[in-house]
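To start, I am sharing the structure in question, which I have written as structure tokens.
Chain naming follows the written order as A, B and C, and within any one chain the residues start at number 1.
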């Protein structure tokens, strides 16, 4: 029972990290039809920015250092994403493959630059002591970092849903996901929505990057790429363009991965997630909540 | 139409399409008779093109059925319908822009004649397809443009190329989606002549969408009026013009 | 192709074929003589990547399928052959026979699933499957793949004429034959009737369906052909490397392939060859450059970017996509009389 509780919550934590990446990817895809490979770069650069900020504040209390790292990561992730949209994606308007290729180039260049600057090995990331402690839930000692990540992701989900459902910009984004041409025909500047969605996606990815550093206790230059691939899987299973779908799929993927990695063998969980994707595609080519067109 | 009573080539029964609670095509039952030229008219947004998509298999209906030459093809993919003799054009020309004019048509000929699975053959040397392609180009008057890249053709030429591609497949039923859309005014009569030629001289059954009434008077055997996704009336052009419901749909208060 | 270009290509092919007998040194271009084992090995690698880029161009350039999983099929050739030879001690013909079967069945099954999606979802799914392959290799199931360590072939598992520094030229010729054969097969395929259908699908898939052809089957055919040829490239890569390494299974490897094809010009076979050759050569030379004393003595702000070949290639790639959409091939074609 304790093992199950531990695996469940760890899986939820992992799913929370996936969700933070996938939410942005899904919105960007839904609105702009861009497969954003640079999302892993946002994740990585933001994590290293937060880590660097935390290292500059060695004399400050651990809580403050961590909080600063989180804020820096969110800001850097959002700014990097906004710049990417304006400088690289926008000039290739209507060339979708070109847009994908540019994000591929950006991902390659950025990750290798981070590796060159900070080394290929993971670097330890200092967090407040209470985070590394465990809380007892259903008899299992759950590391607080897991709970923290879940809480953050839940807050982001709530904020995103509020934004999409209740704000004017959110309405434009939702309408744009349904039918972009129609939104433009109404005389709405979709360009601004593009930049906004990229920025939000970048901020969420940045948050994911620093939370992953908290979760694992390290920053790692190649983590972004492998997280990105699982986030892609989450996006497809959840249905392209659907934030709620991404949230559900992220939980399913994270929990499944943890359980199988534990009960079968390391790696089996990762592998099964891809099999799950194949099954979903065979049953429902559009994902679980997406439109199939 | 030499037999006793016309034979039905294509018939739809209560055909409908609803997407997220919005009805786009509503309960359309329509019979297209062998050899006739039937024109679907209706204001923009009436669902004419969507109906075409349902007929040709590009979109799947959410209710009703489509029967083509005796077979239920409601869920058949586009390529199956094409093989059974249904050809169509799209409202905007959908040629293969990066291929030459001749290559566009030869591809259609190749699709029709078979041989599209011979991976070790050279496409340029398939004589039968080449001859058929050239004949189709000649029939629409594009024989001098065969080497031009399709993207470089004028708009009117692209529409002709659409027709040539269509003819290569030797369809029994031809669906034309607004063949005059976007072409220059002076080219419209020539396009109409071409359509008449396809209908009369090549004996094709034609189902066509057009929203300019003036063009189809004298061309159409029957007309079907669509409004808000459903069929208002199907009748001869003369009676359609006189029909009051149609008049109000076309001229009366918009929505 | 004009007559002069044809003659030029013929001369080039003859020169490359007899290269192992040429003892000239070209300073700056290669470190050793042209027939030195190091140079022949580098050239052989260039041939493998040139051929691999051609196989990728079939699906990406001609059918318009943005696959992010091509590395999986290359890695299949590398690993299946390596496992059969080194772990099970099969003979080379037996290992090759197994590789051929796997290289046909795997893309057939995975392609059938992936092609249920189009465009970007297709790209994502191919990437996911390739990632599963990568995970599998890294996990070292039953001690077969060697995990992160990779799998060395050892001296006794290959016929002696393919082993050792003195026989590098034999492997060079194998690689040379590979690029010629792959090119010819790809050229015939894209100029065959189904090849025309592929290009039509790239231009307008819906229209192909309305012509009475099932686009799905044509896409699957191209996918399998391209994947199979990629696996064959993997086999030759294995011979040149003398072992399998997990880097060839990663997403980065597919991305590198994408860079090669875009570098050379999408949708032209010889452009892809050019891109593959250029990428592999640049990658090798840039590593040498990054270790050069002149670079190492630079301040960190300059040294770090210059020491990362992938950074330079990534930036070059972005610049090409933004400003030279036709790639090197497109830029060259405007200057050379290649079209009659």
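Throughout what follows, contacts are C-beta pairs under 8 Å (C-beta built on N, C-alpha and C of every residue); 3 or more make two chains touch, one makes a residue touch a chain.
None of these values were measured; they are calculated from a predicted model.
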| item | value |
| --- | --- |
| Of A-C and B-C, whichever chain pair has more C-beta contact pairs | A-C |
| Far-end chain from chain C, centres as C-alpha averages | B |
| Whole-Å gap between the CA centroids of chain A and chain B | 47 |
| Inter-chain centre distance, chain A versus chain C - centres from mean C-alpha coordinates, in Å | 31 |
| Whole-Å gap between the CA centroids of chain B and chain C | 44 |
| For chain A, residues contacting two or more additional chains | none |
| Two or more partner chains touched - positions in chain C | none |
| In the complex, chain B residues that touch chain C | 56-58, 77-79, 82-83, 87-88, 90, 94-99, 103, 106-108, 110-112, 115-124, 126, 129, 165, 169 |
| Footprint of chain C on chain A - complex, ascending | 29, 33-35, 37, 88, 91-92, 95-98, 100-102, 104-113, 115-117, 225-226, 229, 232-233, 235-236, 240, 265-267, 270-271, 274-275, 277-278, 281-282, 285 |
| Complex contacts: residues of chain C adjacent to chain A | 66, 113-114, 116-117, 119-121, 123-125, 127-129, 131-132, 135-136, 138-139, 251-252, 255-256, 258-259, 262, 300, 304-305, 307-311, 313-315, 317-318, 321-322, 325 |
| Contacting residues of chain C [partner chain B, same complex] | 188-189, 191-197, 199-200, 202-204, 206-215, 218, 221, 225 |
